[in-house]
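Every chain is named by a letter (A, B, C and D) in the order it is written, and numbering of its residues begins at 1.
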Amino acid sequence: MLEVQISSLTLQNPLILASGILGSYSSSLNRLSEHAGALVAKSVGIEEREGYRNPVVVNTPHGLLNAVGLSSPGAEKFALELENYRGDAKLIVSLFASNPDEFVEIARYFDMADAFELNLSCPHVKGLGLTVGNDPELVGDIVRRLKKETSRPIFAKISAFSSYIEVAKSAEEAGVDGVVAINTLKGMAIDIGSKKPILSNVSGGYSGEAVKPVAMKVVWDLYEELDIPIIASGGATSWKDVVEFMLAGASAVQIGSAFFYSYRIFYSLKESLKAYARKEKIRLEEIIGLAHKK
Amino acid sequence: MLEVQISSLTLQNPLILASGILGSYSSSLNRLSEHAGALVAKSVGIEEREGYRNPVVVNTPHGLLNAVGLSSPGAEKFALELENYRGDAKLIVSLFASNPDEFVEIARYFDMADAFELNLSCPHVKGLGLTVGNDPELVGDIVRRLKKETSRPIFAKISAFSSYIEVAKSAEEAGVDGVVAINTLKGMAIDIGSKKPILSNVSGGYSGEAVKPVAMKVVWDLYEELDIPIIASGGATSWKDVVEFMLAGASAVQIGSAFFYSYRIFYSLKESLKAYARKEKIRLEEIIGLAHKK
Amino acid sequence: MFSLKVDKIIKHSETVSTIFFNSKLRSYPGQFVMLNLFDYEEIPLSLSSPYSVTVKAVGTTTEALVRIRTGELVGIRGPFGKPFTPTNGKALLVAGGIGSAPLYYLHDYLKNLGAEVHVIFGGKTSADLIWKDRFESVELSTEDGSEGYEGTVIDLMRGKDLEGFDKIYICGPEGMLIAAYRILKERNLLSKAEFSLESYMKCGIGVCGTCVLKDGSRVCVEGPVFSGEELEDAFD
Amino acid sequence: MFSLKVDKIIKHSETVSTIFFNSKLRSYPGQFVMLNLFDYEEIPLSLSSPYSVTVKAVGTTTEALVRIRTGELVGIRGPFGKPFTPTNGKALLVAGGIGSAPLYYLHDYLKNLGAEVHVIFGGKTSADLIWKDRFESVELSTEDGSEGYEGTVIDLMRGKDLEGFDKIYICGPEGMLIAAYRILKERNLLSKAEFSLESYMKCGIGVCGTCVLKDGSRVCVEGPVFSGEELEDAFD
């Protein structure tokens, strides 16, 4: 009833763990796998990266701010960690790098991956993420190189702050299997008591419920322009948000900041979506893009 | 205690009414003028424009979505309306147009204006607003033409979705007297019952508390780059938000969507800011940009 | 916004219908909703009960709305606005034409509180006196004399011992509101009176500024119900 | 995040201080805050009372923190995490080193509920037995014998009639927790026991995944206090 198809992957339901949330260890991935369609691991680079000093994640009234700084144990070590993944949900490995060669090099470590997600959108690290993802040509090159290397699906995760239609089309032409939209928005907060920025990195990425309308617009626009599946990311918290994203054109929906509310959110979303599908007498897949119909 | 200076304007306090909020009639402007530093009238174009069909403004859990569509009675009629403005707060007239000549032509109607704000950032009307404001050269031209025409201060209102530093610098070089950041973000919402977009225009501008961290980041970045005053706009709701924006570098703060909460918000913000300044034993102006100090 | 299903419709006439929703709106009499008739416009409508609106066809959207079918969905924002202040004493309700809409709700609400409710209900012609039997104690008027007293509700008000009421509630077209305002001001009764106003609206939540009165009040938030005293600046 | 001012400091030793804030945190014993020492790092610290944290210098941030002055500001997020479950019966508190921090708060809280509270408090040497007189009924141990029983809190636990307690609360370094866990498991007492765990933390609110245990539990949300039974998957 909840099954969705994304390129060659069949997901038991459209719920996907967003990268960077609880995805650094197999122990949490295993725990989350029962009720999710897929899990994206924390973005990994070729070398170990420390990330920024704490505080790197803070809660604001309407969403989260984070500047983790793409901390990563590096490809080799992280691949060892993910060897212990035992779940049923598809495992998607998120990669960050600054050029096509490096993306290919990292991907080689991850035999256990069912698919790859390219982080072209992290807004708070110079030379990586959004810096790469802002360049439609470079994005096309990266996708082409990776497609030659692996037969597994590749998803490009893009930012609302880029010329996202151009970037997505370039990725589509290069053969990408799906687009993930969006990553966090650029944002910051200042503590008025100490008169200082709260994040150690001053600014960071803004996620959570507050960004949902922005993500919705990007998903909507991409659905009008692309033929490949779109995966929504940004603010989804309740089953209604999942339905709303699917109506806008998403084939699946990532859940990230909402883990602030509950560790069992996949379970409760799944059950609510079942109830919704039953009430509407549909397979959930049928609602994808329905709000575009005149 | 709360006085701030923005170019040649002295404001009794840093609170400014944002354009498009309660600024279509002198009756509401007069009512709001007592406790505000300045009021920006609803953006006006040369000709009458109907705007979009209702719904054009809807409330979402964390902010407002609007696609009013720059409805306007046109310069001539609106100038007659603003003749009835009797308030003490400075009156800033917001202009939208697609080229330098038209900006100049509209400005000529508004003798009663203490300053002009250029709407280079409305995200939901093709050919106007953001379409113009995305082009740093065009922005420079507009500012230069207007500066020749009038000695009154000119503020450029820019979008977070543009290359805002480039645009702001181009405006600064052309002689602009201040930059207003930001306008609304692009956003949308879908009603899952009817499976349709809620706004008649499908998508619109996202404002209110949810966008504050995004606006904060833009104000912060501009303060690092510019020498002219910055006016913040985006999500300010409580006196703490006003202080936070000033610490980030804003000389004044616009209030828009927060009128959803109270018509008397200028009064309560003003009183709270007085209490803050008294407690901190400062003139409010002293905190501008303070969070940048190491 | 959320959407409600149309559960039941009463077609009072060619041009007026009451439309019942499939669920109750937590509201008070005098409040309104922004009702979005999909593919048409979103318009302000007073609640005529916690479950319903009563609409008169006057233009594109309202014409389509009075012909809506059960089972269809409408978008709802609200309820919004300041409601009537209730009384459990003697109440006079004065309705002009479709101005009766919020007063049906108020009528039942006051009855429930134990108030003694009397209604004056007028229109141009007898066809305007929609759903008149919903009011228990009602005096009717028509300008053409086709039903009840020949004249206006204002004429009927003039002949009444208005001082005898604890509260006077008025809803109708602007001209009628102003005339009623004048009478009540003359008799020094503004403090007992509440007026429900209409005005062109967009947001319904106090930000767009479309609905402001001469004194700067927003009909959608400070109103649509105003006390007689609050209107001194707007009407005088 | 908000900031609090340091109101008072007790310097227990060169390396341990209790830092009191100028306002009370609505909290329960066992909860922690993310404390941001500006220009250093934000670190997790248990509340040692609704007003305070008790910190041991072990690295850059904690070394700077024990030397903070009154009047300085610190950033606070929280309180976060699952607190201890209280009892008003017989309680045994077992503290190893700076693991005593949350137990000061718990001690007072349980006393207030009328519980009978006994404490076992141990360290490597007598200098680790910080603020020991804050506990009313306490047995001490040091590994070097410089104060109290020569040995560990685990040795003291072994000699105790643990069955006689309604609740056993344990906080200390990981090795000690595991040893205590084993004893309690042997004696079938895990259902009465609660352990306060530490782990490297970043967000403190359950999203970053830095603090997860072997079974996937997040120390910052499902913990830091876990019941003995909850730890079967993580410790065995």
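Heads up, the rule we're going with is that contacts are C-beta pairs under 8 Å (C-beta built on N, C-alpha and C of every residue); 3 or more make two chains touch, one makes a residue touch a chain.
Each chain and its UniProt protein: A, B = Dihydroorotate dehydrogenase; C, D = Dihydroorotate oxidase B, electron transfer subunit.
Nothing here was measured: the structure is a model prediction, and the numbers come from that model.
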Study note, to complete from the structure: Output for shared partners of chain A and chain B reads none
**Study point:** chain C and chain D: spacing of chain centres that average the CA atoms, whole Å
**Key:** 64
Review point. What whole-number Å value describes the gap between the mean CA coordinates of chain B and chain D?
Key: 51
Point to revise | Euclidean distance of C-alpha centroids - chain A vs chain D, Å | key: 37
Practice item. Pull out every residue in chain A that's touching 2 or more other chains. Key: 189, 196
Review point. If each protein chain is taken as a node and each touching pair as an edge, is the resulting graph a line, ring, star, complete or other?
Key: line
Practice item. For this structure, give each pair of chains that are touching. Key: A-B, A-D, B-C
Study note, to complete from the structure: Listed in rising order, chain A residues that touch chain B in their complex are 60-63, 65, 160-161, 185-190, 192, 195-197, 202-203, 206, 209-214, 216-217, 220, 240, 243-244, 247-248, 287, 290-291
Practice item. Report the residues of chain A in contact with chain D in the complex, numbered from low to high. Key: 20-25, 27-32, 42, 53-59, 64, 66, 68, 189, 191, 193-194, 196, 198, 200, 256-257, 259-260, 263
Practice item. Note which residues of chain C are touching chain B in the complex, please. Key: 1-4, 34, 36, 38, 41-43, 73, 75, 77, 202-210, 212-218, 221-222
